[in-house]
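Multiple structures follow.
Each of the next two complexes has chain A plus one more chain, namely chain B in the first and chain C in the second.
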Partner chain A sequence: MTRPLLKISDVSVEFGPKANAIRVVDSVSFSIGAGEAVGLVGESGSGKSITSLSILRLIPDPPGRIVSGSIEFEGQDLLKLPANRMPEIRGRDIAMIFQEPMSSLNPVMTIGDQIAEALMLHQDLDRDARWQRVIEVLSLVGMPDPAARLGAFPHEFSGGMRQRVMIAMAVACNPKLLIADEPTTALDVTIQAQVLELMKSIRASVNTAILLISHDLGVIADLCERVVVMYSGRIVEEGSVESIFSKPEHPYTRGLLQSIPRLDDDRKRLYQIAGTVPMAGSVKKGCPFYARCDLRVDKCAAEMPPMFEFSKQHKAACWVTGEAEQ
Partner chain B sequence: MTSLDQPVEAVRPTRTLLENVTATFIGRPSMIFAAVVILTFIAIALFAPLLAPYDPLAQSYLVINAYPSAEHWLGTDQFGRDVLSRLIYGSRNSMIFGITAPIIAALVGTTLGVVAGYFGGIFDRLVTRMIDLLLAFPDLLLAIIISAALGGGFWNILAVLSIAFVPGFARVARASTLAVKQEPYVEASVAVGLRTPLIILRHVVPNIAAPVVVLMTLWVASAIRLEAALSFLGLGTRPPYPSWGNIIRDGLNNIFGSPWPIIGAGFAITLVVLSFNMIGDAVRDLLDPEIGQ
Partner chain C sequence: MTELLRADNLVKAFGSEGGFHIGARKQPVRAVNGVSFSVTTGETLAVVGESGCGKSTLGRLLLRLIEPTEGQVHIGGVDVTQMSAAELRAARRQMQMVFQDPYGSLSPRRTVAEIIAEPLEVFGIVKTRQERRERVAELLEQVGLPPTLMDRHPRQFSGGQRQRIGIARAIALNPDFIVADEPVSALDVSVQAQIVNLLQDLQEAKGFSYFFIAHDLAVVRHIADRVMVMYLGRIVEIGPKRSIYTAPQHPYTQALLSAAPEPDVKKRTKRIILSGDVPSPSNVPPGCSFHTRCPLAQEQCRQVRPELREVAPGQTAACHFAEPNPIKLPVSAPAYAS
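Showing the complex of A and B:
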């Protein structure tokens, strides 16, 4: 197997004072191949956004810090890179799309200038070539009459259009990896569908790898080939979209999939996973899902399950299903 | 492929800055008045040597304490100096200090405030303490203390006025920076690979400019008032050179002999300060999205 584009190994992130730090991300490992789309799913507070921020070392420090692990991008450990080299990676090799299109654009700067900013930093183009490229990416993201919109300010656009501008900013330098942190959460359902279509078409045309963070399994199934499920700062299941959606092995993933409302279902009450997500770092021992799990056995409370391999592509951290498989 | 040929939603044509300015002025007749007054006084200050009928320092014992007449439109003072000429030359002081002191203070104060707000830490605490210390004194008292230490003279007055205004700008800039720093677009600019100095220049400063500009226009009036007050107290422009403040001071000793210097300078100060305040209010309404439009 060739070297993956991004290899996250054993990354842990802590917040708060060192003496009683809260471990928000705990020993997370996964990798993304070149051109591959990976979905990162989990409830609010499961650590998925922090994991994605740690890749670009954007975790606000203080209070947060990455305490261990390595993040290898094309064989180079980003966590060992001096801090002043990170801006060279950001935006050029790894770009990011944020959750809130309404406030992720500078209100007093034209969208043309904002897209050109990334190009100015990372690509050696003259003025004309740069504007040409800005127009090119704007039409790539489906902006009608892009040349005329260069001088427009963010407030002149709707949320969906702003998210397109954000995507244009992110893909302007042809990044090898695009991290999209819930790119559709703040949008209407119809606009969500458009933005997803757009991400698909962009992926096809610029061949970038995508890390899509979402709590919406439908979105992930639509765009990704592989899924990583996080719960309470840990990865609990990982596998191809097909295998996870057809045969989830971790009880948490099963619960998530059952929670999706179905059109052909006439049940009155929607399914829910009982209980609430434990506060990050509050589970010191055993499986973090223990308190809410239908399958739990005594062993679960005592010891954190390792990742059991169910098939070459499919791993899950559960004592019950894992040992039954062996 | 539905996404690429979606029609764009109709975009409301936005008003340009010029249209906004025009609208603000037309909406308020008082603005036209204020603008005319200010432009007139700026012109008077610029062309003082051409406009003044007499040398403002020339004394004449033949026309002491004269009433207004065809020769001396606003009369003369106890030394026989022409009051109108003195007022005309005095306007130079007011205009120069009134306009440059807030600009200098805005540059220094904003730099301090933005750097302190963005980076935090020890520098922030230092700047904040300094601001608190300076703000503990009223403007005038602070100006008196500093000018008593430095003495009079053009550059010292400029320094005094600027120092008096720096803490206000620093505080406003720091508070705004703290708010802007949290905005997702600042985080996004980090993610794009922008380095800190450029983030501050391109994304932070333009977004805190509005309150700073408003403060600057409002404080032009304060600077004129403060310079007059200092000169009145004998700490500003030194006699015999005229400034509106020391014209009043001179006139006070001779109020029963010739009231014209006090009336003239008092009227000029009132008019200019009022006009600058009205412009300041208009600029605030124009730039503050919460109030305006």
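Showing the complex of A and C:
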């Protein structure tokens, strides 16, 4: 197997004073191949956004810090890199799209200048070539009449168009990895469909790998090949979208898929997972899903299950389904 | 089935009054523009549409939380829009609301018991402290919360639990009609199912009607009896759930249904992609307001606004090309110019 583009091994992130730190991401490991689209799914407090921020070392320190693990990007451990070298990686090799396009764009800078800024930092282009490239990426994201819109400010655009500007900015330097944190959550359904189509076409044309963070399993199924499921700071299941959506092995993933109403089902009542999502870091011992699980046995409360392999493409951290499989 | 609520030609225009203007005087925004429908007893009518379509404004008009510019709302045969302040206050007993944001809609300074008991006290239903605590305990049990928690404050509860508190407050007076404005969209996915089930169980037990505002079409299909689709302040289609989901007549309904991604890898390919954005409600296109995004728009659509007309039993749609010759949209039309 070739070396993955990004390899996250055993990363843990803590917040708060060292003496009673809260571990919000706990021993997370997964990798992304070149050109691959991986979905990271989880509910609030699952640690999915913190995991993605830790890749770019964007976790505010203090109060947060990465306490262990390595994040290898093309073989180089980003966590060992001096902090002043991170800006070379950010935006050039790894770019990020955020959920709220209005608050992540600069309101007093034209969109042309904002996109050109990334190019100015990372690419040695003269002024004309740079503006040419800005127009090029704007047309790539489907901005009508891009040359005329360079001088426009973010407030002059709709939410969907702003998200297109964000995407243009992110792909301007042809990043090898694009991290998209809930890129369509703030958008209407028909606009969401447009942005998802756009991300697919961008992926096809610039061959960038994508890490898509979302709570929406439908969005993940639409765009990704592989999915990583997080619950309360831990990875509980990982595999190809085909196998996870057709045969989930972790009780949490199963419950989640069953609890979502579908457009074509006629159930009278929805399956419901009892209880509420635990606060990050509140479960110190055993499986974080123990309190809400239908299948729990005593062992689950005592010890966190390892990732059991169900097939080459499918792993899940559950004592009950895992040991039945062995 | 008896008719519980009827809305006739409701209009809400914002910014139409006089006052101080800088620059050119703007056209008033007609957020709700000539909407008529009815809700029967015990029924759930869901309204779907994208932001700016007027669905939340409509929900507030029904309860007269805002004043309509034109039109009437009858609840139980009485015109709500003509009531005096005192009459309206009394009528509010029959109509309640569940809000979207379980964080913003509960006072952080009051205990759960105070929040839930407030409507009971306003209408003089509970008189003593003892009565109050008993009734609150009963209501908390009905929404699946332990009554022992009644002296806590909202911040001590999770989002799903707060939504249960909001629901307990809404059902405290045994209303006939509840407007639920996106009651599950702020909740975690694993908690949404709990609240949807709770809303259905309560309706079964108490027999009230819901006006259910949502953008999640799968949730709506699960909970609704009838579905109303809005676009730029108007109803574009309304009908029984089954017909709307299996035989949508309006191109916008078709696009909306196919745009929602489902957690199913096999359903990846078929999708209608609309081009462009929803036009601003302050600048509604002439003719059919959907024509700027409709892949099938003809000259007629740019000129003449289609009226709602019956296309199947109980189902009406506002499209020139609906039944008897419905047009199916081509799927996966390009999302943008290349």
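Basically, the second predicted complex is superposed on the first by the 321 of 326 C-alpha atoms of A that agree within 3 Å, B and C clash if a C-alpha of one lies under 4 Å from a C-alpha of the other, contacts with A are read in each partner's own complex, and residues count from 1 in each chain.
The rule is simple: contacts are C-beta pairs under 8 Å (C-beta built on N, C-alpha and C of every residue); 3 or more make two chains touch, one makes a residue touch a chain.
Since we're looking at a predicted model, the values are computed, not measured.
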First, second, both or neither for A:V25, with chain B first and chain C second: neither
Chain B versus chain C as contact partner of A:L6, first or second or both or neither: neither
Touching partner for A:E197 - first (chain B), second (chain C), both, neither: both
Touching partner for A:P144 - first (chain B), second (chain C), both, neither: both
Partner chain(s) touched by A:R262 [first = chain B, second = chain C, both, neither]: second
Touched partner set for A:M109, first chain B, second chain C, both or neither: first
Partner chain(s) touched by A:L56 [first = chain B, second = chain C, both, neither]: first
First, second, both or neither for A:V171, with chain B first and chain C second: neither
Partner chain(s) touched by A:E88 [first = chain B, second = chain C, both, neither]: first
Chain B/chain C common contact set on chain A: 142, 144, 158, 161, 193-194, 197-198, 201
In the complex, chain A residues that touch chain B: 56, 58, 84, 86-92, 95-96, 98-100, 103-109, 117-118, 121-122, 142-145, 152-153, 155-158, 161, 166, 169, 193-195, 197-198, 201
Residues on chain C engaged by chain A in the complex (per definition of touch): 50-51, 158-161, 188-194, 196-197, 200, 215, 217-219, 221-222, 245, 255-265, 267-268, 271, 273-275, 277-278, 293, 335-337
Contact footprint of chain C on chain A as seen in their complex: 43-44, 141-142, 144, 158, 160-161, 188-194, 196-198, 201, 215-222, 241-242, 245-246, 252, 255-257, 259-263, 265, 267, 269-274, 276-277, 292
Chain A-touching residues of chain B, taken from the complex the two chains share: 1-9, 11-12, 14, 183-185, 187-195, 202-203, 206-207, 209
